[in-house]
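By written order: A, B, C and D. Residues from 1 in each chain.
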Amino acid sequence: MLALRKSLYRILETSAGKRRGISLIFNLILIGIITLNAIAIVLHTVPEYNLRFARLFYDFEVFSVGFFTIEYLLRLWVCVENEKYHHPFWGRLRYMFSTSAIIDFLAIFPFYFSLFATDLAIVRILRLFRIFRLFRISRYSHAFRLIQSVVSDKKEELVLSTILVVFMLIIVSSIMYYVEHNAQPDKFSSIPATMWWGVTAMTTVGYGDIHPITPLGKFLGGIAAIVGIGLFALPTGILVSGFNEHIRVHKGGHSRQRCPHCGKEI
Amino acid sequence: MLALRKSLYRILETSAGKRRGISLIFNLILIGIITLNAIAIVLHTVPEYNLRFARLFYDFEVFSVGFFTIEYLLRLWVCVENEKYHHPFWGRLRYMFSTSAIIDFLAIFPFYFSLFATDLAIVRILRLFRIFRLFRISRYSHAFRLIQSVVSDKKEELVLSTILVVFMLIIVSSIMYYVEHNAQPDKFSSIPATMWWGVTAMTTVGYGDIHPITPLGKFLGGIAAIVGIGLFALPTGILVSGFNEHIRVHKGGHSRQRCPHCGKEI
Amino acid sequence: MLALRKSLYRILETSAGKRRGISLIFNLILIGIITLNAIAIVLHTVPEYNLRFARLFYDFEVFSVGFFTIEYLLRLWVCVENEKYHHPFWGRLRYMFSTSAIIDFLAIFPFYFSLFATDLAIVRILRLFRIFRLFRISRYSHAFRLIQSVVSDKKEELVLSTILVVFMLIIVSSIMYYVEHNAQPDKFSSIPATMWWGVTAMTTVGYGDIHPITPLGKFLGGIAAIVGIGLFALPTGILVSGFNEHIRVHKGGHSRQRCPHCGKEI
Amino acid sequence: MLALRKSLYRILETSAGKRRGISLIFNLILIGIITLNAIAIVLHTVPEYNLRFARLFYDFEVFSVGFFTIEYLLRLWVCVENEKYHHPFWGRLRYMFSTSAIIDFLAIFPFYFSLFATDLAIVRILRLFRIFRLFRISRYSHAFRLIQSVVSDKKEELVLSTILVVFMLIIVSSIMYYVEHNAQPDKFSSIPATMWWGVTAMTTVGYGDIHPITPLGKFLGGIAAIVGIGLFALPTGILVSGFNEHIRVHKGGHSRQRCPHCGKEI
């Protein structure tokens, strides 16, 4: 029994170096099921497909939840193999409150809950929780570990630039509200409403549903666009440069440059 | 009395190294009040909240102004502890005209003025001055000192690129005005009106309220978009790269460079 | 006959170092015909020009196809001069399935097919294939070889960031669908429909045909804009930095670095 | 007379090192007049100002043209002081066809021509030529010399990326035309018309006057947005990085870093 638990742990555990054999196959199946879940969640909302493939969607839903539930219980059983969750009871409890276990739980729990829910509004909200099944893939994808480490590397800069963005948004929207409110009382109805304009203007999305029409408003909007875009581009710029740096360092580890003449590292 | 002034100066003064004890608590309270003021200013303009919480908004307003007024007067009293404002009278006068003291003053003055103002239009404008309370936070936030030093580092480049942006805007808008004016005399009514198009097009906001419709106008608009975006992105690019450089230098403290000649750290 | 094949191979083959004499002239003629084809394809769809120059368009079409067909057959004849396609039959067959030969084939084949097609719908689709004539220029232009090598250098990063973009798009669109569906059932009709909003919002295009109108939708849309733009800018940032790096390395040939240990050029 | 010509040459000539005394004053006056011309050109098109200040605008126009004409003639007289235009007749003729002399000429010529023009359409077009007066400032501004050298440094990259942009635009617009033409025959009426969509989509301006509505069109439009934006951002990225590099090199010349311990350059 303990030997089974140990080998099962090795199959389920993904962070343990290179995956091979059964572990690789299991993980590929899991990624496949998650991807199919993503497709099902997206297509499920198209009325046409929902009507035609209702049975298929439901069966796949039941199968997915069943698969994920068994997997969740197995993970809970074997997690004590990990030193961090060594204790049979407290270790498993602590594992249940780890980020990935919570995501795993939120991916299945709403299904069981909705079986007993009578209120349709709650069922609707529970359906939204299925999105957590997509987040499960973050455990397997290199891309998510990469973006995670970039975000944690640049945490300080991202927080600083977010503060600047929020501050800029409040200032610009407050001024624009006082300038445009009289001309367009229905659109620039309050500062929070004007902040929607601020976001769409300074991220350069510009849907066109709300924009200044007075000459002063246009003048301030123009200046805000040029200045604000610079600040709103900061998080993006930090993320892109962090991504580039990370890749360079990551790649640099494999191929440190050497002088072709004397052979020393440069 | 002088001892009290000295210790009060240490509590109020934020730039003096690490804050501890009462100074830290006082500053956290101040940041809290400023943040609440930001929320109040924003929510105050939502008619629903304004009606329901009118009393609360007013009380908080009176409390904030009272708090800020006492703080302002105390700062004026203790500022002579600073060598820069040593003289009891001239020092305090010079302090009153320092940037941060002006911001502090503008954050409270309009309230008192509005008590005596009878003209509603003036009261409206005075309300806008409450935004200066938000600027007060710039004294406490690392993010603002950072952006300030980036802007002052890159002052020259930002001025140069702003000149290019303004020049580009006038040229492109003048040409577009002559091309589109006959087809859309109401929208491209004058060069200043066309400059609104120019800003929305070259910052890529594109609200859609004004755009060329003639084939020649679209052709020029397309070229202007590709060329102009490059110039309009210059200030943003300068700001982002300045921000990245600054962070790198700032962090560089941990892993210092060594001189290749003498081997000592630089 | 073999000597003719050899010299013809040298004329047609573009990758063989510097082009001179007849080879240069032939290639310039080919680039000219491809450019004229691009102009013809574009102007052909303008009803006005199509009516007036119908004869000219048709004649140029016949001439182009004739020229390209002869060129294709000649290339097929001489390709055995290349070591890779040495065998008279299997070599030629393998050449026919090389990327550039397939593009060459797709540029002429639809014309012949459309002569026998009676169904207008098929003729329309075949017309679209003429775009492959434009792709033929990729063989001659330095710009395309450059972008190709940048894409292949940064393949891994581009794949990673594309996964992030797709994941982000599904997550954001799923949430927005549940938030906005009730308020705008015709626009946010399904998650795939909402993904159109997601793409236009997070690429900052923002046509304005679809955007959130509920306060919660606007709030989430604002956050999604700021966060999502960062992720959607990753592929662009990678491409731009890859392009810059490539140019720097390419130009680096002029001003080579020296090893700090032995002083020789690297 | 020759001595006068020589000193006049020194006053007018701006590229000759540092300007001082009369030369500085003259150049500041010229920049002032050009700036006032920019303001006049812009405000002239606002009907309100045009009516009220018609006399002022006309007088300033006559004064500017007079000033610029005298300046042009003086420049023509003294240009022979420059070695490049040494010959009294052929030198002056060659000077007249230098870029800056042509700009100077185009800034004044249309005024004289319009005095004799009877056709209003021609007068309108001639008015557009006044924009050349703005270009005159490029001779005096550091910003324009900077952007000029960045563009000439990065000429090759800018040409390459422009080719990619044009190619991408034709391909994407051709495909989109065949996909959307049947659904929106009035908007996607031809490939040139679709190219307007292509430019607004891939520069992320997105006015919203034209966008795909079919599912396939939206799908292709989404992919085109993500891929195309990367290519359309290349010229912008090149310009921004070129600008940054140029500034760094330019600044680097003044302040080469030195080791604070041994004093050697690093």
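Convention: contacts are C-beta pairs under 8 Å (C-beta built on N, C-alpha and C of every residue); 3 or more make two chains touch, one makes a residue touch a chain.
All of these numbers come straight from a predicted model, not from anything done at the bench.
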Could you work out the angle of the rotation that brings the CA atoms of chain B onto the matching CA atoms of chain C, rounded to the nearest 5 degrees? 180
Longest centre-to-centre distance from chain A, chain (CA-based): D
Pair joined by more contacting C-beta pairs (A-D or A-C): A-C
Going by residue numbers, if over half of the contact pairs line up, that's a repeat, so tell me which of A-D, B-D or B-C repeats C-D. B-D
Chain centre separation in whole Å, for chain D relative to chain A (CA means): 44
Can you check how far apart chain A and chain C are, centre to centre, with Cα atoms defining each centre and the answer in Å? 31
Residues of chain C touching 2+ other chains? 192, 195, 200, 204-208, 241, 260
Residue numbers of chain D touching chain B in their complex, please. 38, 41-47, 124-125, 127-128, 131, 134-135, 137, 141-144, 146-147, 165, 192, 195-196, 199-200, 203-209, 232, 235-236, 239-241, 243-244, 247, 257, 259-262, 264, 266
Could you please specify the touching residues of chain A with respect to chain D in the complex? 204, 206-208
Contact residues on chain B for chain D in the complex? 156-157, 160-161, 163-164, 167, 170-171, 173-175, 177-178, 181, 189-192, 195, 200-201, 204-208, 211, 213, 215, 218, 221-222, 225-226, 229-231, 233-234, 237-238, 241, 259-262, 264, 266
